[in-house]
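Okay, got some structures for you below.
Shared between the two complexes below is chain A, which pairs with chain B and chain C, respectively.
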Partner chain A sequence: MLTFTLRRINLLLITIFLLTLVSFSLNFLFPGDPLVNLSGRINPTPEQLLILSEQYQHNANFFIQYWTYLQHIFKGELGVSMASRLPINSEIINLLPATIELSMTALIIAMCIGIPIGFIAAINHKKITDNIILTIAMLGYSVPVFWLALVAILVFSIQLNWLPSAGQISLLYEIKHVTGIQFIDILLSDSEYKWQAFQNASSHIILPACVVALAPGTLFIRLARTAMLDVLETGYIRAAKAKGLSFTQIIYRHAIRNALINVIRHVGLQFANLMTLAMVTEVIFNWPGIGRWLIESIYQRDYTAIQAGLLVLSSFIFIVHILTDFIYAALNPLARDSKHGT
Partner chain B sequence: MARNRIYQEEEFPSPLVQSWHYFRQNKVVMFGFGSFVFLFLLAIFSPVLTPYSSFENNLDHLLVPPAWDVNGDVSFLLGTDNLGRDMLSRLMHGASLTFGLSFVVVIISLLIGVFIGSISALTTGIKSIFLNHFLDVILSIPSLLLAIIIVAILGPGLGNTLWAIVLVLIPQFVHITKNAVKDEFSKDYVLASRLDGANSFRILSYSIFPNIIEKIIRQATLAQSAAILDIAALGFLGLGAPIPLPEWGAMLSNGLDLFYIAPWTVYLPGLAILFSVVATNLVGEGMRHALKQSKEN
Partner chain C sequence: MNKGQLILSLIVTVLLVSCDSGNSTSLSAKSIIYCSEGSPASFNPQTITSGTSIDATSNQLYDRLLSFNPGDNDIKPALAKSWHVTRDGKMITFYLRKNVEFHQTEYFTPTRTFNADDVLFSFNRILDQNHEFNSVAGVQYPFFQSVNFSSLVYEVEKINEYTVRFKLNHSDSSFLSNLASDYSVIISAEYGKQLSQINLHHNIDLLPIGTGPFKLKEYRAGSFIRYYPHENYWREKVKIEQLIFDITPSNTSRLTKLLTGACDVIAYPIATEQIQKYSNLTLDAVTSLNVGYLGFNTQKPPFDNKLVRKAIAFAINKKAIIETIYAGKADMAKSILPKSSWAYDDSASEQVYSVETARILLHEAGYPNGFTMNIWAMPVQRAYNPDALTMAKLIQADLQKIGITVKIISGYEWEVFLNMVRLGEHQSVLLGWSADHPDPDNFLTPILSCDSAGKGSNNTQWCNKDFDQLLKDALQTANINQRKKYYAQALAIVAEEVPLLPIAHSKRYQARSTDVKGKLLNAFGGIDFRKVSKN
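Entry: the complex of A and B
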């Protein structure tokens, strides 16, 4: 486990190094003065420019510039936003939790619904149930997410009037910003309408989370189905059959556990996909998250915000990726070390 | 299946022909393939086939619902939008923008990616390790996010979107080609031709490419369904094709304000995107199935 941990941490460090290198070079690739892009101070006076070039070591060579940039990042200084003139790190701290909330809820929905359906499809392999599930899965990951979001709003918010169509919570409830994750904030607050606020917040998250969850959920169906089919062909299942276990016993005791491990392995990769969908969905549902902020920064040509947002978002995706790798390794001894049998 | 042998000579179908043989057997896949060909032809011939121009305004016929509606007009089969432009013509033109351009994008990135991939399969050592790590990082960033970043650098517009998607798709082709070529290189028949004195380039072009082409085609279909969704998503976000162009994603965002009065301006382009992505995915599924079957036999 130690070598495995060291290897993963090594990978994480290399990746984050590459990501900072990319976001640093973005400052030079974006139109305009690199120094202005880096700091976000538009139209600086000559004096300010001098101070800035002192701060970012702009006249030194490339490596020292990059090193100073890294030091700024570790101090948490990501510059100020060109559009709102607020420091970017405080904006990100405000916005990132909402995105985490949405994407995690969607991930949970996708896994809880997708994986069991995939298992059902695998158990009924080459029967009508399998075909129906596969057809639905195919449709599910072919649907463009923005269109799905619009249709969902039209049906569930406008025509049926079941769920609200935009925002994170109704403006009537005043919830103090503590962690940024709405549900935890509500539970922490001492408002007397806590329970109503909680209900309101959950009715707001259902629609966007389901929209985000559809495509990853259908991919989980396929992954779970393939994993289960692979497991059902292995020797230990045949051995269990030979022992005289009934089919349900085989599935519940042996097959599900082993198939689940192989699905968990792919969660990290799916999460990256899910985050992209969440970005687009945030725009449509007016969700106050980092994806919507990033896309708005592109409209406003807020280059400082774009490079900082990119850095934070992709690091977040990668950290989740590494975390799922750890969970996978903790569950599956084979992944840690090839010594544990073959 | 036993075959009647009329002729003495033994025929050995090439891997591609073999896959086609398995591919043809599935009816659903063939339906997808038919739709794919239909969209392809539509993309080429849409300027000749469309009843109206995609920019022509019919100010007497604003927001006419589709012909099956009570208020519909049969001369505008799928209705008109807020400027009285015929939806059917716009959707047909959109086929050449969204579907046709995604096809072109995939071909370009396929050529570049396969080229880089086969060269990198032949290199070893520190260069190859660096490339592997770099590819891992790039592949872990979702394609749409990467495309959005590249568009942010290049600036919005349809041309820049296409370049962005080309750049995004290249690493996937590099990855798949590299692995496939490496796998093939360790096989005996490659060793045989190497012993015959063939150089690496000859082995690549005569022995390896005919054997890995189905894998590349399968990756191309996956890439195309991603490309269609990305072009449409960027168009919808206002970063890709400008609103007057009949690109499906841009059409969708154009209809957004009138969504509740004229829902067909939103659901028709969405269905068009869905249809083309499903057709492409079906072809990819069929390819995967054919590959699996020919491997098993």
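Entry: the complex of A and C
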């Protein structure tokens, strides 16, 4: 396990190093003067530029510039947004939790619905249920997320008026920003309308979370189905059958656990995909997360925000990836011995 | 947590959502959510011109010495309960109302009521270059600069606790109108003192304190503004417990929020005909004092050439624009002044649409083969221009016919856009103006005078001495017929020089749920939530 951990941490460090390198080179690839971009102003004064140039060692060679850039990042200084004139790290701290909340809820929905359906398909392998599930999964996977989001708003918000179409919670409720994760903040707050707020927040998350969950959910169906089929082919299942265990017992006691391990391995990979979907969904549902912010920054050509946003978002995805690898390894002793990263 | 528990908790959540308790209606019944189209640039109307900021701040947070009577636009008392103007028009004495309280908030607790010191503080901040709040955080006073306030007012004098006197250098017939406009708000001198002691001067425009019907509770840039009612308001108290500005720049999102009930009132709705079909929604419209125009940057070639500007004016099909962009619900603009202004000159000739004339003019100007230019299309919807991007595209197609290639610049955020246009980055720009008060001077001076060039309202950078002189002459006299003549001459100069091409005078729309009662919109100035209630 120690070698495995070291390997993963090593991988994490190298990837983050490469990410900062890419992000640093964006300084020079973006149009405009890098210092002006950093200042967060359209027309910074010469004094401001001078201070920034000193802070970022702008006149030194590239290696030293990169080193100062790294120091700034590790101090949490990511520059100032040109659009809002706020420090980017404070914006990210405000927005990232909302994205985490949305994508985690979506992930849970996708897993809770996708995996059991996948198992059902595998158990009914080559029967009509299997075919129907596979067809639906294929359809669900092919639907573009922005279209689905708009249709969901049209049907569930505008026509049926069941669920709200925008935002994280109705603005009526004053919830203090503590962790940034809305549900936790509501439970921590002492508002007299706490439970109303909780209901309101729940009704706001359902639609966007379901939209984000659809594509990964259908993927989980297929992953779970393949994993289950593989497990059902193995020797120990045949041995269990030979022992005379009933089919239900075989599935519940042996097959599900072993198949789940293989699915969990893919959760980390799916997370990057999920974040992309979440970004688009955030824009449509007006979700105050980092995806919407990043896309707005691109519209506004807020280069400092784009650069920092990309760095933070990709590091975040990668950290989640590594974490799921650890969970997989903890659950599956065989994986710990594998020499190479998967 | 195992899977069973997970599913259980999900079910509980769904149940919680579905059993919507009766109480939740009680909180929303006491609050109004207004979906506005953008963030305010500042919380102090003294320092801004944008309609979004005025909507968000002026009538909600502040009062003025005077106000307009909504029906006939007469000036009536507000914080000044009466006033007196000397015969030569150079001295105006205001007698102030007593027992008017300022907001009490988390950041300020007033110890005294409104008095003459606050009036002096509010206006000296603008007038006195050496005032400690004059240039705090680099603010400017675009409205006051545009009406030449500092050269008009010689002194503001405190006679006693509740009497102030404005001494003017010369008489000005629009002075009282200017004091009644949304910009001339009264701020607290005591608050200023407190900020000066803790050296946080810039908070005066960020964390506002006024005497208005609402006070600021919370503002999150780009997201929302939360107002609470001012408990000790001197006029009739407001009937709601919360007023929320939900900042929603996308016009389809605003419509969706209205349809799903997330907003009670929305600014600048699209699909106005569809909205009328819903029985639970109403559409308000007022014919506003406004103008949407294409402004040329007269300092930059090729628009420093009058002939080029004229050629473009001839080449643009305004009729098509009004039908497409305003859905026919606007008057085609003959001049900057709309028909409802008393200085409107009916005899002025209308700009004709003629591609031929445009070609000839362009040839004369020395551009027989056309050129490439840019049009900056404003990124927000306004009554005077509900869809600048599409308008720019129509103009692009029109100008293609005379060989001019148009590049459309859009995508900047509103504040950034205004700033860059103010600095003259554009060649031409689609913008407009909503009047702050019914005086015609409020159209001409801010949009086209030399004093407002480069200050944020005159974006053509045009400066014509004769034109300015006519405006000044018009303000010297109180005789309406004489003023009319001056304005007609001034408008003739504009028609000849074409620093901008007026396109339309539109109606301002707003949609709301039928639960929301009370008047919100006026023909000029910002929205007003003072008298609004909810069923």
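Operating definition for what follows: the second predicted complex is superposed on the first by the 332 of 342 C-alpha atoms of A that agree within 3 Å, B and C clash if a C-alpha of one lies under 4 Å from a C-alpha of the other, contacts with A are read in each partner's own complex, and residues count from 1 in each chain.
Everything that follows uses one rule, which is that contacts are C-beta pairs under 8 Å (C-beta built on N, C-alpha and C of every residue); 3 or more make two chains touch, one makes a residue touch a chain.
Model, not experiment: these values are computed from the prediction.
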Combined model on chain A where chain B meets chain C, clash or fit: fit
Which superposed partner A:Y299 touches (first chain B, second chain C, both, neither): both
Chain B versus chain C as contact partner of A:S170, first or second or both or neither: second
Contacts of A:S203 with chain B and chain C, given as first, second, both or neither: second
First (chain B), second (chain C), both or neither touched by A:L86: second
Which of chain B and chain C A:I158 touches, first, second, both or neither: both
Touching partner for A:Y193 - first (chain B), second (chain C), both, neither: second
Partner chain in contact with A:N286 - chain B first, chain C second, else both or neither: second
Partner chain in contact with A:I108 - chain B first, chain C second, else both or neither: second
Which superposed partner A:H266 touches (first chain B, second chain C, both, neither): neither
Where chain B and chain C come nearest after superposition, their Cα distance in Å: 5
Chain A residues contacted in one complex by chain B, in the other by chain C: 158, 299
Chain C-facing residues of chain A, complex: 42-43, 82-84, 86, 108-109, 112, 153, 157-158, 161, 164-167, 170-174, 193, 195-196, 198-200, 202-203, 206, 286, 288, 299-301
In the complex with chain A, residue positions of chain C that touch it: 3, 6-7, 10, 13-14, 16-17, 20-21, 23-24, 27-28, 31, 33, 217-218, 221-224, 226, 242, 244, 246, 248, 253, 256-257, 259-262, 411-413, 416, 419-420, 423
Interface residues, chain A side, partner chain B - complex: 11, 14-15, 18-19, 26, 29-31, 138-139, 141-147, 150-151, 154, 158, 269, 272-273, 275-276, 279-280, 283, 294-295, 298-299, 303, 306, 310, 313-314, 317-318, 321
Complex interface listing, chain B residues touching chain A: 133-134, 136-137, 140-145, 148-149, 151-153, 155-156, 225, 229, 232-233, 236-239, 249, 252, 256, 259-260, 263, 266-267, 269-270, 273-274, 277-278, 281-282, 285
